[in-house]
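What follows is a set of structures to go through.
Next come two complexes built around chain A: one with chain B, the other with chain C.
Our next item is the complex of A and B:
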C-alpha cells in the first residue's frame, strides 16, 4: 500500500487539462478526413476506395450536378480516400472532436460539381473539372499538338458513345491512325 | 511433409476417404460421418491435439451437402514434461465430414471431446445441423425469440438485411439454465449487463450460502452477424476493417488473422517488413490489453490506487499505438498483400523511448501490488482452472498458461516474424487469478522485448506486394494469431470474384467460456466478478442481480452497487437476510 503512495508522489499529476487546453495528437494521426472543394475533380476514386461507403459521388436527381458527399458517421478513419485522391482534395486531419448535437446532418459534407455532358448523346457523364484535369495532364505529357486538339473532343465523349464509335469503326472497316 | 504422421495414424484408426493439403502446415482429411467422433477424439487425446475451431458450412451448391470441419491444432497434450509434439511436426489437421441435407444429423463429438460443445450448439443455430447425442442442445447464438426454423447462415435462408419481428419481452421464451439438484440452492443471476465495458452477458450463479456450487451463462446478446454480412457484400479490402471491429480490445489480431487466412488460401507471402510491423502492432495491442486487465483485476477488488496507476501506464501504450499507426485503438493498416503504412525512423526512435518508460513503470507498480497482502489474498487460490479441465475444453491464452500448460500460438505455430523473434512463453502453475495475472505481467515484459527485436531486425523491404491475385473459388485456409486473450482463428473459403464464400471467425474467449463454469465452483459470490474478469472477456462488473433462495422461495434484487461493494469489501453479504 505504502509503495503505491510513493509512486503517486513520484509521478504527481499526469492528467491533461483538456478540454480547457488543446490536446495534441501524433503527427500522423488519422482524424476526420478534411475535404478541399476547390481541389476536387470529382473522379470518384475516393468513393470506390472507401470500405464503409462513407463517400459517395453521384449525379443529383436533376442530373445537372455531380454531388460529392461524405458522411462522417460512417467513416472509419482508414485513410484509403487520402491515399487514392489524385489531387489531395481529401486528407486525414488531426480533428478528433466529432460529436454533434442531436443533428446528424451536421456530420455530412457535400460538394457540388459542374457536370460535363457528352457531345454525342448529350447525357451527363462526369465532372467538368475531371475533363479539364485530364486535359492538363495530357498537356504536360509529351504529346503532339495534333493529339491535344483531338483530345479536346474525345474527352467530352462519354464511355458508352466511345465504345459505340469504336464498334462501328470496326464493323465498317474504317481505319483510324493513332500517332 | 508436415502433418503426414498424423494422417497416417488416423488412417489406421478410421477410414480416410480423401486427403487435401491447404498450406504447408494445414491438411484436411475427409472421413465418413459415423467415424467423425472417433477421428476427432483420436487426434485430440491420443495424438495430442487441441480444438482450434469448428466450421459448419453450407456446401450444397458445391457438392450437394453440408460440411463440418473440425480443426485440430496438433501440438501435444502438454499435460506433463515431454508431452509435446516436436517443434517441426506441429501443424493443423482438419477432420471434414459431409452431411446430407435430407437427414441434417451427425453424431456429436462432444461426449468424447467436451471442447466441441459450443461449436456444435452453434452449428444448430446457424445451419440447423443436429448433433445426435449432444448433451446440451440449447440455443447458443440466436436469441430466444428468433424464429424456430430460420438458420441464418444457410445460403438460401434469408437476406442479410432481414430482421425477424421481435417478441414483446413478456412473450419471450424463457431460457433454460442448467440448474444443479438439491435443496437450499440459491440462484443468483448476474447480468444482464456488465458495466465496466457495458457488455451484456447473463450469468446464473447457483449458491449454497455464499459459495457458488455451479454456474451457467447466456451470452451472445450482441451477436452482430458479421459473417453473414461479409459473405454477402464485402470484398477482402473491406473485410480487414470489419474484422478489426470484431473486438473492442484485440481487434487488430482479428484483422491480421482474417487477412492472413485469405492470403494463405492463395499462398501469398508478404514482405518481411510487413510481417514485422504486423507483429509490432499486435504486441502493442497486447500491452494495452494486459494493462487493462491487470488494472481491472485490481479495481474489482477495490484497489483503486493500483488501478489508476496501471491505467496511467496504459496511456503510454495507447500513445505508442497512435504514434506508429495514427490511431489509438484501430490501427487500420492491414490490407491484402501487406500493409498500407510504414514506420519512419523518427517514429521508431520515439517508440523505443516510450517502451523504456512502460517497462520501468510496469515493474514498479507490479512490485507494489505484489507487496500488498490484501490484494494477494483476493487473487490467490481464487477461480482455479484445473489443468485437466483446461485440456478438455481447449482453453486458450493466459487462461490456460496460468494453469501450467505451455500453449501459445506464437510458439506452437510461429507466424509472420515470430520465426525470427526469440521470447519465452509465460507459463505459471496454479490456475488461480494470481497465476493468470502473473502470466499477463510476464507477457508485458516479453512484448516489450519482442517489439524491440522487431525494430532491430526488420529489413528495409517494401511493405506490400502487388495484391493482384487470382482467387480460386472453394479454396480455404486457416490463419491464427495469438491475441491478448488467446488465439484468434479465422477460416476463409473463397468464393468467386473478390468475395468470400464462408468466413468463420473464432475469437479467443469463445474457447474460454465453456470452462468458466468449473472456475466458479467453490468460490464465493464476492469473487464472481473477479473470476469473470480474470478470464479477460472485456467485462467484469455486474449491473443487476436477483437472488432467489430455492428453499425459502425468497427472492431479492440486488443493485449493481450492492454486489460491487460486497466484492470490494467482502463485508455485509447481500444474501444474509435470505438465510
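Our next item is the complex of A and C:
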C-alpha cells in the first residue's frame, strides 16, 4: 500500500485536463485533412490516391461542374492525399475534435469547380483551373514561345480528340514538327 | 439486402425528446456498452487507452459495463460484418430505452476502408439509428472523449458542412525557378520525397534550397559545393545531412554541368557530430 502511494507521489497527477483545457497533439499528428478551395485545381490526384475513396472528384449530373467531395467519416487519415496534392490544397491538420451529433452530413466538405470543355468535341473533360495551372507550369519550364502558343490550343483539347488527331496525322502522313 | 427495421415501440421510446431528457438525467453518470462489430481492434485499443488514468473519463461519469441491459450508450466499432449483424441487433434491443448509439471510427461511421468489401454492411447506421459519429481510424483517445462529451452536451460540435461554390481566381502557384528551369525543382522535390517521405521530404527540400541560395551563386558548382557541404556539417539530424548530399550529387549535377570533383564525396564529410 505504501509502495503504491510512493509510486503515485513520484509520478504526480498525469491525467490530461482535456476537455476542460485544450489538448496539444504530438508533432506530425495526422488529423483531419484541411481543404483550401482557393488552391484546388481539380486534378483529382487525391481522389485516385485515396485508398478508402473518402475523396471523390466527379462531374455533376448536368455535366457543368466538377464536384470535389470529401467525407470525413470515411477518411482513414493516411495522408496520401496530402502527399500527392501538387498545390497544397489539401493538408493534414492537427484537428482531432471531429465528432458530430445526429446529422452525418456535417462530415462532408464540397467544392464545385468550373469545367473546361474540349474545343473539338465540346465535351467537358477537366477543370478550368487545371488547364490554367498546366499552362503556368509550362511557361516557367524553359519552353520556347512558339511551343507556348501551341500549348494554349492543345491544353484545351480532350485526350480522346488528341489521340484521334495523332492517328489521323500519322495515317495521312502529315509532319508534326516539335521544337 | 433487406436489413433490420426498428420496431415501432423502440422507435417511439427513442424519439429525440426522450433522448434529450435522458441526456439531462445521465449528465453525471453514464454506462457504456461496447459492441465490436468486426473491427480490426484498432478502435478497441484506443477505447482502452481512453479509459486509462491518463484520460480518466470517470471524471465525467463514463463507465464501461459488461452487459447491454445496464447501458445508456452503445459504442459500436467496426464495419458490421455479416457475422456480427444479429449480435448487434440483440445488444440494441436489450439496451433499455431511451438509448444513445455512438458509431466509433471510420468503420463504424461509414464502413471506412472496408466500405465496399463483400462481407460487411458498411456502417452501423445502415442497420440501427446512430446519434453520434466519431471519425478517426482509430480515433485518438482525445477524440473519443470529445465525442462522448459532445454526446452529453458538455462540448459543442465543431465540424459543420462546408460547401464552396464561388470560384475565385487562383493565385499563381508556381514560383520562379532558382536556376531558370522548374523541372529542377520538380525533380528535387520528387527525389526528396522518395528519400524521406512527404513530411520530412518537404523539410529536406527546403533545407537543401536554403543551402543552395546561401552559396550566393546557384549556378556555380564550386560555390554550391562549399555551401552544401557546410550545411551538411552543421545539420544536427544525420538523415537530412546524408540526404542533402545525395540530392546534390544526383539532381543538381544533372541540371548544372559539373565535373566529377564537383560532387560531394559523402564518406569524406563528417556529419551529425555535436
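We take it that the second predicted complex is superposed on the first by the 179 of 179 C-alpha atoms of A that agree within 3 Å, B and C clash if a C-alpha of one lies under 4 Å from a C-alpha of the other, contacts with A are read in each partner's own complex, and residues count from 1 in each chain.
Criterion: contacts are C-beta pairs under 8 Å (C-beta built on N, C-alpha and C of every residue); 3 or more make two chains touch, one makes a residue touch a chain.
Remember, it's a predicted structure, so these values are computed and weren't measured experimentally.
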{"item": "Residue contacts on chain A - larger count, chain B or chain C", "value": "C"}
{"item": "Chain B versus chain C as contact partner of A:28, first or second or both or neither", "value": "both"}
{"item": "First (chain B), second (chain C), both or neither touched by A:3", "value": "first"}
{"item": "Partner chain(s) touched by A:83 [first = chain B, second = chain C, both, neither]", "value": "both"}
{"item": "Partner chain(s) touched by A:61 [first = chain B, second = chain C, both, neither]", "value": "neither"}
{"item": "Doubly contacted chain A residues - partners chain C and chain B", "value": "14, 25, 28-29, 51-52, 76-77, 79, 83"}
{"item": "Parts of chain A lying in touch with chain C, wherever the complex brings them together", "value": "14-16, 18-19, 23, 25, 28-29, 32, 35, 37-39, 41, 51-53, 71-77, 79, 82-83, 87, 95-102, 104-114, 129, 132-133, 136-137, 140-142"}
{"item": "Of all residues in chain B, those that touch chain A in their complex", "value": "237-238, 241, 245, 305-306, 309, 312, 315, 319, 322-323, 325-327, 330, 332, 340-341, 347, 364-365, 367-369, 371-372, 374"}
{"item": "Contact footprint of chain A on chain C as seen in their complex", "value": "53-56, 59, 106, 109-113, 115-116, 125, 130-137, 139-140, 142-143, 145-147, 149-151, 154-155, 157-165, 167-168, 170-174, 176-177, 180-183, 193, 198-199"}
{"item": "Contact set on chain A toward chain B in their complex", "value": "1, 3-8, 11, 14, 25-26, 28-30, 51-52, 76-80, 83, 92"}
